[in-house]
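Quick heads-up: structures coming right below.
Across the two complexes that follow, chain A remains constant while its partner is chain B and subsequently chain C.
Right, the complex of A and B next:
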């Protein structure tokens, strides 16, 4: 009921949440939803247009595109969530340490962050995957390598303002250790704005994963990943566009839903916006 | 003796010179006693409280001695000092809205302290948190409320409950009644009395306040601070009946019930203190000597001292 209360009158949040719940459901119940085995090659049925038996048609190997899009949700969504969670946690930890302790540690961490921020991230990701070889682990590594620095920078800024507040002094006066103060007092207060950032980053990450897979450096064929499906379909783009359209729509829709959720969350979590709504 | 402060000096470096927030403070606090520290804003009261718990910013230069049960707190390593805070000496801050964490419920905040300090399990800590809230007059069913859901008085009660969580022997309460309605102030004063004098053995408290009414109601002894120095100390009744320092007298006269007589002038800048007695530019009794010779504390009776030549 609380959820309904919060989402009432907030169309972006509601639409984003519903779409994401939909994608989540697709991912979890993929084997029950998909009518065919996504890897089932049937040469005689190749490149069928969307129709009664194949909702989204079939691809160049005669595999059912609808089933592949449904299974693809698992890769895109879960890889993106894993990457963003690692980035968020790593960035929050490092950023809190930098902001809380200040001085030399802060200086050191922030200069490393500055250097990493100067790298063009898709090129570094290409390098990492290129050197280590394409695999799911290396894809995650490539996206984490630079992904955490943004969170570090934002968390540090948040921590700098939070640590000057009265309750941090009060926690110290009660003998709280630095670790305790960071974990129990700073992080819970720094988390809401970071959550908005992370939600908006999920869509960004979905795109990066799709891009790397499209370039053949991410998830490998025949895995039904949306970017990889786009790549496989590009040879048929003029003759059988449905092979590319449906994975493309899936990417667009998932990116859109996370953007809506992020924007919606920002409105809910921003205390100033909230006060305006209550009045 | 529970706490003995000797020659405590706290200086802050500023662009214009040293700010002498505490300039040679001597104080004694006996077990089970409530000592009031009164003075106007900027007299160094809060700095003194923070110096005892060593919570001053790193830019503060602190010297002197703060003996707590014979142990010099100023010389303790930070890790040892951390164990003193909360368990031995606990602080209750003014302005509980900013001193409570807005992201945690009050129950969580008390339970966290208990788990961190006393290693209580989650359930036991919540149980104890509920008891502490009841003790301070907040129904335990409010344990899950957040600071913004509580009234000012309730927040101050919650602050006191957190301060008491680890059963400290010494409470330092910094303006605990500030910003509260008069009726609520009375309740907080009664609560503070109950958690100090009402427990056995009685708990000591250093009450920092500019409210003479609160000081009169709660304290056993009183120390009056002016421009970083203690100018008079003694039993509360004695100081109120027989104020000997001109500043104490001025402070009492300025109370509405005594006619709201304002003292001329302003309290001096802590950077450029007047030579001699810091109070002499505002003092009615000042003579030549006051302008160039700083007075020392004179004992004028059993446990009554005054920093004035002509007391």
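Right, the complex of A and C next:
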């Protein structure tokens, strides 16, 4: 039974990795893959259905949708990875400090985390972007504002179990400073399970970015970001549905690939860490 | 139990205090002078220096930040959340007038998720690693991967435009409810399914289930009566956290389907920079969220006597 469990995990891991690799390749080699300039407006070619010259048709401004979808990977993947990395590093640092030192610092940090975890994060993100004005910086800020707390809680749990292990005691006995122990021993050991969390979080973040951009509160319209493309194409949904279909498929596939990878990683992770992640 | 309750209540009060502080400072974090922004909103023209001064004096905007903050808190305790800049109605009334529509949508979506997600989750757990289990796992992963707004539009395209079965906009009849309900339910159903499966698998490995099997009870009775009872306890907590999903989803789904609930009004207020509404709605939504989580915590202890609450472990 256990063997089955592992192979199943690996199948998801493999599918997810291949898909992500594909998206990464699209992002990196976008100028070579896209047949047209994604911002090239050609009024005479507007709203063409998918066909020989335009694989996914053209949008309301006559721009090639396939090229825009390809360039869109850059925005969605890059933004999501930036947001998740900031959250991960921030959460890991704060969580390690809380878990390692314990006592009053721990109590204080975890109280704040508990309070922040009680907030509905999309609502707050909407507010931040809505009040500060829509821009890429504010989008990142809004998604970081509450994003780090999840990592803090999980890394604290991991650190609590790591610091009881023998090698930490050994490092202390050898005279390692607190900072040294956190950086060299605690964080490297807490990292792998957090990576699983981060992978799953990338998919959430792609969805949030797309949703905010769709509402016109994230990446702004002429930019070939998938959510923004859907926002622009909304008016043509009943007359020219092809404008709406492909960017949505791209979002779903990219989110799915990170979900597959995260699930796959979770399956092959050691059970002790899995337990912490499930909290 | 008592200690837990007090601890939870205290932290709920704290959350609300911080929420009101945050929602208050939102206005100050906006670029530009809030008085200027509001005046421009109201008249559509650039206000003069005198007008700004007058407005600031009338609304006590030139007092120190902390004083204003306390004032806002004082008004809050009297249930005054200010007046919408767009409609001129009190924010609280705007909220209560629209809450019914959102509540209707949320309850319908939640009910649909439970009806579909629960049996499938249980069934998948009784046959772990079967073909059915694998399919369900992939389907639920796909379910949480589809963006809600896009799913809503695609359903509209399919059932309203192509098949003509259901109306795509509006509110009123049951037929109007179907598409937004399904859109909102897909993500929740997917995560509920997986959660029920995990929880059920854990319970099915416990000793009392083995005893029940040894006693010769039928599988159906063991699974659906004995095991489900215990497996459902953690599911209750998930329903609490799903409320956040539901609210966030409602914002998007309501906007897509023009559903006249709080979500749509909230997004419209953000577009119009209707600050009193944004502030007030964040606060009310946070309050509802905190309250539901508190209730879930209490319910959890009530349902599961094994739960020991000694702070965090």
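Just so we're on the same page, the second predicted complex is superposed on the first by the 261 of 279 C-alpha atoms of A that agree within 3 Å, B and C clash if a C-alpha of one lies under 4 Å from a C-alpha of the other, contacts with A are read in each partner's own complex, and residues count from 1 in each chain.
Operating definition for what follows: a contact is a pair of C-beta atoms (placed from the backbone, for glycine too) under 8 Å apart; a residue touches a chain by one contact, two chains touch by 3 or more.
Everything quoted here is computed from the prediction, not taken from an experiment.
Student: Contact-wise, after the overlay, does A:244 reach chain B, chain C, both or neither (first, second, both, neither)?
Tutor: second
Student: Just to be sure I read the superposition right, which of the two partners does A:110 touch: chain B = first, chain C = second, or both, or neither?
Tutor: Touch partner of A:110: chain C, not chain B.
Student: Counting only touches as set out at the top, which of chain B and chain C does A:165 meet: first, second, both, neither?
Tutor: In the superposition, A:165 contacts chain B only.
Student: Comparing chain C with chain B, which touches more residues belonging to chain A?
Tutor: If we count touched residues of chain A for both partners, the winner is C.
Student: According to the stated criteria, A:220 is in contact with first (chain B), second (chain C), both, or neither; which is it?
Tutor: So A:220 meets neither chain B nor chain C here.
Student: Looking at A:176 after the superposition, I want to know if it touches chain B, chain C, both of them or none. Which is it: first, second, both, neither?
Tutor: So A:176 only meets chain B here.
Student: Is A:184 touching anything from chain B or chain C once the two structures are fitted on A? First, second, both or neither.
Tutor: Once the two structures are laid over each other on A, A:184 reaches chain B alone.
Student: Now for A:123: first (chain B), second (chain C), both, or neither, which partner does it touch?
Tutor: second
Student: Quick one: which bits of chain B touch chain A in the complex? Just the residue numbers, please.
Tutor: Spelled out, the residues of chain B in touch with chain A are 53, 55, 82-87, 90-91, 93, 95, 98-104, 112-113, 116-117, 159, 162-163, 165-166.
Student: Can you name the residues of chain A that touch chain C in the complex?
Tutor: 1, 4-5, 8, 110-111, 114-115, 118-124, 126-133, 203, 207, 210-211, 214-217, 227, 230, 234, 237-238, 241, 244-245, 248, 251-252, 255-256, 259-260, 263, 278
Student: Which residues of chain C touch chain A in their complex?
Tutor: 11, 14-15, 18-19, 22-23, 26-27, 29-31, 129, 134, 141-142, 144-150, 153-154, 156-157, 161, 198, 244, 247-248, 251-252, 255, 266-267, 270-271, 273, 275, 278, 282, 285-286, 289-290, 293, 312
Student: In their complex, what parts of chain A are in touch with chain B?
Tutor: 165-167, 169-177, 180, 184-185, 188-189, 191
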